Every structure is written in structure tokens, then in C-alpha cells.
Amino acid sequence: MPHDITKKLMSPEEAVRRFISDGSQIALGGFTVSRNNMVLAREIIRQKKRNLHVVCHSHGQALDLLIGAGCVRRLEIAYGGMGRFAPTCIRFRKAVCAGQIDIEDYSNYQMSLRFLAGAMGLPFMATKSGLGTDLVKIEGFPIDVRGTGKVPSMKLAIIENPFNGAEDRVVLLPALTPDVALIHAQYVGEDGTVRLKGLTFADLEQARSAEHVIVTCEEVVPRSFIRDDPDQNSLPAFLVDAVVKAPFGAHPTACYQFYDYDPRHLKLYRNMAANDDLFQEYLENWVFNLPDQEAYLEKVGITDLMRIKASPAVGYAQGLDRR
Amino acid sequence: MPHDITKKLMSPEEAVRRFISDGSQIALGGFTVSRNNMVLAREIIRQKKRNLHVVCHSHGQALDLLIGAGCVRRLEIAYGGMGRFAPTCIRFRKAVCAGQIDIEDYSNYQMSLRFLAGAMGLPFMATKSGLGTDLVKIEGFPIDVRGTGKVPSMKLAIIENPFNGAEDRVVLLPALTPDVALIHAQYVGEDGTVRLKGLTFADLEQARSAEHVIVTCEEVVPRSFIRDDPDQNSLPAFLVDAVVKAPFGAHPTACYQFYDYDPRHLKLYRNMAANDDLFQEYLENWVFNLPDQEAYLEKVGITDLMRIKASPAVGYAQGLDRR
Amino acid sequence: MLKDSTGGKRELRMNQYSPREMMATTAGRMINNGDVVFAGTGISMLAATVAKRIHAPDAVVFFETGGIDPSLEELPLAVADPRVMAGTSMNAGLIEAFSILGHRRLRTVAFLGAAQIDRFGNLNSTVLGDYKKPRTRFPGSGGACDAASLAWGIIIFMQHEKRRFVEKLDYLTSPGWLSGGDSRAKAGFVRGGPIAVVTNLGIMRFDHVSRAMYLSEVYPGVLPQEVVANTGFEIDISGVREADPPTDRELLTLREDVDPQRLILG
Amino acid sequence: MLKDSTGGKRELRMNQYSPREMMATTAGRMINNGDVVFAGTGISMLAATVAKRIHAPDAVVFFETGGIDPSLEELPLAVADPRVMAGTSMNAGLIEAFSILGHRRLRTVAFLGAAQIDRFGNLNSTVLGDYKKPRTRFPGSGGACDAASLAWGIIIFMQHEKRRFVEKLDYLTSPGWLSGGDSRAKAGFVRGGPIAVVTNLGIMRFDHVSRAMYLSEVYPGVLPQEVVANTGFEIDISGVREADPPTDRELLTLREDVDPQRLILG
């Protein structure tokens, strides 16, 4: 059968080894508490990838873990937070204040437009968002990295709208074309087609903008299932390089229709991330000492996983104690 | 119940009367042989709207009928054809050759980008498509209409990519913000939510770019049905001004999962459109002499309608004689 | 304003209410029926939801993440919470959400918070101290700059403290009225700007000409001088009046219907 | 090249084939396994489908309308035919389709036709005569200009007639090699350009330096001079060879599997 995924199906270990190098520019899918690609984030840390250039819009857990583990050198971002569990991502804040990472601030729409430009093969996108703010006035990246690697020659450009005359100024945002996009999906068909359920955030734009795409998923489903309603599908097989079957692969963040975020784990993380020694202990306990996702899930334990299991009626865990 | 469509549900007659005026800029949804909003096109002709400024990408039957009936003054378009039934739309060709309409040529991607820019509130979109061609070198609209009404000040602009230096030229395309978009959908929920099935073409960008949106539909379905899987929905209620229940509203073009295009009617049309007198007869027989969609469907007849009824297995009429 | 000094938060009586309850109901009243509300989490969720349940049933709540008109049977704790994906009219993505936010035919009202605000309603949610070597780092713009740039109007929630109401922002993340007067239009914006600032002390609005912030209302029991003392720039208090306290219906809706777990009410 | 002079089209024997069958199989062989093929209707559908069924099972056919990898159990007669929406891996829209077309990581090959072609493979599908007062009007670019601008490569189908192979186009709708040499890159394109022109007489390709069209292959029974006589500009025929006729398998697949109704084969 043509278009099957047997050649693309691989372990997280293989996917990270093959598609991510030191210095890679990687786009993180998901949004704050949802569909963070945690299984790949933990594997990147295990493989001690360094100097990553992360591009995302609003991101949370995977980003914070990667930064805390010292994998990230450069970051283009709109928001680093985990909602009520960490209004500002903890290791992110520490790293920025300590000057350990170079950061370039954009807004969510700006970052989404940059991914969309890359996805559509357009050189840049124009917007009015940000005029008059420090987002358009202040560059975060040092001048000497400008134009090197995947860093654009300017953060952005402000031009006059040629259709409206000098008074009408617009912001031009350079396209993003990351080396790899990391996406966690609910379903991948045996034909390689990807289906996201619930909000897609900017995952599709990120995937379409990237040179390579790794999709981890909750379920690999038969071709007949995924092709039964193609209107619901999100990415064609030919844009995906690696498929990793990883149930609960977004834990402790949520995966709509499969499981909720895990408030107990996120609180545990928050407490340990606040302290350098405890954070190292977290990395040892939850990343380095665990060889793979199976071991991780064993450590989380069936009780906590069942607690966050989504109700099929609403797609989250109804009545979950989130205080 | 909030968000219901009782205030928006109306007849084609009322929808056209309220939202379309002489000179309006209207975006036609659908694509060549599919989901042309025929029920509104016939009503616009009945109400003798004049000097319409039509904007579309690849369009067929509705466009040709509107042009033939003398409703259109200006046209921005990428393609006027009906596939094998009329490689070039017949009345369209006649009107262009006779200088009866002003025409501005773009490509499909260019027009789609212009709708997307309007939908996203962006002033323009950049692309490489068309560099070096007459599409970017020759303006079709007379100079004296430039900058008037909804006509942009220039067809397009070519600039140097500020991120890459002088050698890298790009085409800037002005956003479209039509007065009205005409969309034919499969489903509208009682909460006003619109669901398109099959290919969406640029319908969603057209609707989101417009000041007003008229949606005709095959079925009005209960709120519980449309909200059961919001991932499948296409437009929120607050972007829709009028909902018109119009079964077979795209006939003689196709509506995926409901009916196929009607080869007999399209051949009838082709033969009559080729001759000015016969075309007037077509308009009399199929538009002016019929008060509404019910009368139109009675005239088409149940036999022909059943012949094109879509198989639920594939969404079109399997084995339909299309020679 | 009565603080909840009785201990049991769940035993608040109807004639008592917390600052958060006052803020949520006050802001909720600014929502008109038919508005399209760009909600964040926290108190803005309460404001939007209480408005929808009481006087603005046709208001539509949507999130920058793409969730449009969710049923909100449980309160989301983040804009990407799966609770914003349930019972929606449509699950879209960021591109669609921000397109809606800036759609010229919609009266979109966005709720924002920030670490700092200046007299023209410009906001900082990025850093304190020097941007290149910050004293502390906040999450960043997220969609705040986009909302402040593109929405029909924004309503800002703040804790009223001198260190937050500052003469000069450490970083201008989200545009308010910029440097006042017509500077916002001159910068290139075609609409928008701050409507009001809702704090734990009262409501600030902006002069229609100078675009400078003034004190519009104080909550019952708050003195205008308290606002002056907690504001780091000069503020006109000459036109102040006392705000209406939450009604019984508003409080009941908030406590029993919108946030029974007191996840946000605290 | 044997014309079907026997009358019964369905009775064509395997050693007989029509020009259309020759064109479809010839172009089909230019598709590599794994290519992402931007198909139009007509003969390009046949070429793509016969390639997929024989030597390029992993090639993916998609349409500018947004249909990706449809099952094509029946032949679509237009790119918006509901037959391009059935059994697909994904039903998208134009924006997604053109994004795929230009995607730098994909080897996208587009099939195009036109009313006129020049020596550098530039195409006219807009007008004959003056643009402002045309002698006749064609449908226009549609996605052709986009495909010729953005795809990895294009393959062009033409009837080989002098009035179609012209010294100067009446209107340049879709960019080929523009004025030859490196003019395409200089215009701002980062890839693409015509690979071949497949006509009822043979196959034309383009010199790698001058980018001028030359005759690469003639069909069995066609003389190179016939090509010269039907070409409105000078064409190099010095390297011509005879093309391989369709194989039995190709013809069987075309006739019995791909287009049994002879909707396109005629």
C-alpha cells in the first residue's frame, strides 16, 4: 500500500537523533498548558542537545524544561507561561534574568504570522500590530548574530503602505522556516495523515513552515479511519518526516479528548523549578533516570493518569481538582 | 436561547434587497463547477442590480450568468471557466471582448492572498508569484477608477524585500474587503454557525474579508448537531448577516455530499449562452419567469435532480453520465 | 469595600463582597450585548461570564487560542485549557482568532492585565529594569500587544499600586493611547485604545482629548485620595463618583454558577 | 503515430494508440515516485493517474482547489469537481494548496496547458490580440501563473500548431524561462521553470544554458520537419530521437482503469 508510515514510524530516541542537532532551530507546537511535546522535550534533554534556537508563540512546559536543562541558546517568543500554574515560566525567567539565553520578543499574532509566512512561502507578512511599542523599537538579539543561521537580518521592518501613502505605516515581519517542528497530535493514520482535535493553535503553520516535522501522537489509526472524513484532517503525509507513537506524550500538559493537564504534577514542577538544586533533582527523577516514555508513565502512575483522563462528553476531566 | 438565527433567516429576495446595491463589490464563493451561489445570482438578476464589482478567483456559472444579464461592470478575477463544459465562460468572454466590463487579471493564489489579507486585517500580502509576467506589468482597470470605491490605488506594487536586499523582489498585493460575500454552505446551525464540507476553496477567506456575508445552505440543523463537533465548523455566527435556506441552491453546479453538477443543464446552458437571442431566452425561462427557488426546482424536475443526487459513500453521483 | 475578614470565604454574605468580586462585576457591566469579547484567564473570565449570564446573553466570548463561544461549564485556567475547546461554535487557531480580534465589522472588546501601566494606558508585561538585563522577567506580550493594537477597545485589570501605575514604563509591550492626544492614530492605528482600567480601588477612564487617565469611580468605602496615593503619576480625581456595588444577582451568579470552586475568586 | 481511423474508439488495438494516449503516457513517465503532482484536468489527469498506477505509486496528486491525494475512482472534469474531494487524505483550500505547491521541501511538478507558448516556455492563457481590446479571451491564469512561478518544475501540454508556438506571446500569463539564460533567477524566482513541452508531435526540452526550447523526441512516425513546420520560432532539432511508444500496460491502464468512459481520451 503506498503512503504508509512504516518507514517513518520510529522511537523518540531515533526521531531526535535523526532530525535535531546542536544549534537546530526548532518550533514548539502546543500552547502553554496544552499539547506540549513533552516526550520529545525529555528526549532532547537526555541526548544533551545544546544551543537550540527555539521559536514559538505562547509556550509553557516543554520550553521551560528545555531551558532549565541548558539546551536553549536563542529564543523567539511571545509568551512564556503556564496559566495559573506559573504565570511566568520559572526556568525561563531565571535564564532570561541571568542572561543565559538571547531572547527576541514578538507578540502571538506576530509569531503566528511569521510561521504562516514561512508556511506559505512568503518572504514576510505585514501587520499593524505593535506599532509604537517597544516590541518594534527594541531588538533583543545581539547585532553579531543578525543574518547568521536562521536569525533574520532585522527583527522587523516598518515601511509605508505603498497603497495608501506615507501616513499609513505597517510592520513587516520576516518569515520563519525552522529546521524542525515538534507537534503532538491526537491521531496519525497508517497513511501518514495527521489529525488534530480541538484547537490547533499555530501548530499547522509551524509544521508547514518547517524543513522537517516530527509528529508524536496518542493513536496510530487505520487508513480507513483517517480517510473516512478528510475534512477533519490537518496535515498530509508528505509534510511529516517522523511519526512517534506516544500515548500521554503531552503529559503533564493536556491533550484535548484524551487527557487534561495534571495539576498535581504541575504543582510539583513549580515547587521544584523554583530552586536550582530541586530542579536538578526533578531532571534526574523525571528525565535522566527514566529511559523512555513507558518508564515515565510508570512513574507518574496509573492513578494520576486515570484522574486526568478526559471525559468523552467534553474532552477534559470533568470535576478534576485543579486548586 | 442566545445566538439563534431567527433574525437572520430570510428569503433570497430579502437578502439581496438588504445587502446588495447597485455598485456593490461582491465576492463570489465556490469554484468553477462547485458551490456557485446560483440562488442568489438568479435573485440579483431578477432585482436588476447593476454595475456590480465582482471579485473572485476561479469562477464559473454564477459569474457568467451575472455578466450575461448585464449586472457586472467591474471584475477582478483569475479564471473564468466551467471545466469541460465551457473552458472559457461564454458570456464572460463575449463581454470582455466587447469591452462591456472592466477586467483586472490576477492569479488564483494572488486573489486568495488578497482575500486572506482582508480577512486578517492586513494591508497587503507579499508573494513571488507573477514576477516577470504581464499579470504584474499590465493594469486592466482604467486609470480614472483607480482609488475610487473599492478599487485599490494600484493593481499591485513590486518592492525589494527589506530583509534580503535589492536583488530580492516581491509582489505586494492589496487586501480585498468586499461589501458582500455570497457563500453556499452545506449546513448552518440554528445558532448561526456555518459548516462547509469538502473543499472550502477560498470561501472562508472571502467571508472573513467581507463587510457583510450572505450564506445560503442546503440544511438548517439543530444547535446540538452543529456543536457536536466544533472542529468541523467553518464560520462563527457573528460573521454572518443573512442565512437563506436553499436546497439545491448551487444547481446546476455541484454541492459536495448533496449533489453533483448537472451535465444536462450545463450543456443546455452552453448551447444557449453561445447565441445572444438564445441566452435571453435562457434568462427568461430560467430566471425572470420563475419567482423563486421552488419554481426553479420544479422546472428542473425531480428526475434530473435525483440523477445528480450524491452518493453518501463518495459525495458525488457515482456513474453519472457526464459525456 | 469589605474585605473578607470573617475567615470562611464561602460564607460571604450578599452585602459583603471581595475586591475581586467587585472588579469582575464592574468590568462585566462594560460588556454590551452583542460584543465579541476577547477574554484572558483569571478575573476577565469572571467578568465575561457574569456579563453573559446576566445582561449580555448574545455577547460571544472567544480566546486568542481559537476557541469561539465555548460553553464554559468549568472555568479555564489558561487560554489553552481544554475547557475553552468544549461546546464551542468553532475550534480554530491563532490566525483566525486574531483575525476576529481585529475585524473591522466587530465590536471586539479585550480584557488585559499587566505588570505596569502609564497615564495613557500603555502596558508593560515584559520586564522590570533594563530589557537586556532585566531585574525580573514577565511572560511577555502573548496576545496582549495584538489586542491593544487591533481590538475595538480594551479594558485593563490592575492591582492599584504605585509601583504598577508608573510615570514611565520599563518596556512598552501593549499600546494604549501612546503619548496621548492623537498619537495613537498617528502611529498608524485605525481604531482601538483603552476604555477603562478596573482596579481593586475603582475605575479609571481616559479623557477624550488628552487621553490622560482620570479617576471615574471609586468603590464604596474607598476614598479618592487612596487612589492618588497608590498612583505613581498625577491623576485627575475631580469628576469621581461612587461605583455601584455588585447586585445580589451578580454575586449569586459569580459564586454559585461561574466559579463555585473559587478557582479565580480565591 | 497511428490515428484512430478504424472508427470504433473502444476497439483500439494495443499496437495502435491515439495522440492523446501517447501524450498522457509520455508525460506520465516524467513523474517520479514521491513527486507531489499539481494536476489540472484533461490530459494531465490521465498522465498523473497512469503514472501513479504504474511506476510512481507514492506520487501524490493534488489540486489547486485543496484536494490532496484523492482516490480518483472517477475522473474529475474540473479541479473543483466533487471527485477531487472523495477519498482524499485532506480537504483543504486554495491557500493550503498553493502553500504546498511552493513548498521548498517538496518536489512539486505541475502540469499546465496554454493557448500560446514561446521559445522560453512562457505561456499565455489570457487573451489573443490586445489585452485591452482582445480578439479573443481565454479563462485567464487560474493557478497557472502560480504553478509556473512556485513549483519545482512544470510540464506543459500543447497542440503543436504554428499559431500556438509563437515568436512573441500576446500576453505573458505564466513565467517560463522568461527571456532565457538566468533571467528567471534575476526576476526573483528561487526555483522552478519548464521541464518539458509535450505535444501531439513530440517532446520539447530546454537548453540548460540558453534556456531555449529544442526538440528532444518525436513520436514514432513523426518527422522532425513536421515539428519545425508547426513551430512559429526557430527550434533546434539536431539532437532529436524517437520517443518510446506507450507500452501495453500503459495503454491497458489508461483505457480500462483510468478513463473507461473515455471522458478525456475522447
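Note that the chains take the letters A, B, C and D in the order they are written out, and that residue 1 is the start of every chain.
Operating definition for what follows: a residue touches a chain if its C-beta (ideal position, glycine included) is under 8 Å from a C-beta of that chain, and two chains touch if they have at least 3 such contacts.
Fair warning: this is a prediction, and the values are worked out from it, not measured in the lab.
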item: Which of B-C and A-C has more C-beta pairs touching across its chains; value: A-C
item: Between chain A and chain B, centroid-to-centroid distance (C-alpha), Å; value: 38
item: Whole-Å gap between the CA centroids of chain B and chain C; value: 40
item: Mean-CA-position distance for chain D and chain B (Å); value: 28
item: Chain D, residues touching no fewer than two other chains; value: 85, 87, 91, 95, 98, 102, 150
item: Contacts with 2+ other chains: residues of chain B; value: 121, 128, 168, 170, 198, 231
item: Pairwise touch network: line, ring, star, complete, or other; value: other
item: Each pair of chains that touches, named by its two labels; value: A-B, A-C, A-D, B-C, B-D
item: Touching residues (chain side chain A, partner chain C) in the complex; value: 30-34, 57-58, 77-85, 87-89, 92-93, 96-97, 99, 105-110, 112-113, 116, 128-135, 137-138, 140, 167-170, 198-205, 254, 256-257, 260-261, 310, 314-316, 318-319, 322-323
item: Residue numbers on chain C that touch chain A, as the complex places them; value: 41-42, 64-67, 73-74, 77-87, 91-95, 98, 101-102, 122, 126-127, 131-146, 149-150, 171-175, 178, 183-184, 187-190, 261, 263
item: Interface residues, chain A side, partner chain D - complex; value: 2-3, 119-121, 177, 189, 191-193, 208, 211-212, 226-227, 230-231, 233-239
item: Complex contacts: residues of chain D adjacent to chain A; value: 36, 57-58, 60, 62, 68-69, 85, 87-91, 95-96, 98-100, 102-106, 150
item: Chain A partner contacts - residues on chain B that touch it in the complex; value: 121-128, 152-154, 157, 159, 161-164, 168, 170, 172, 174, 197-198, 231-232
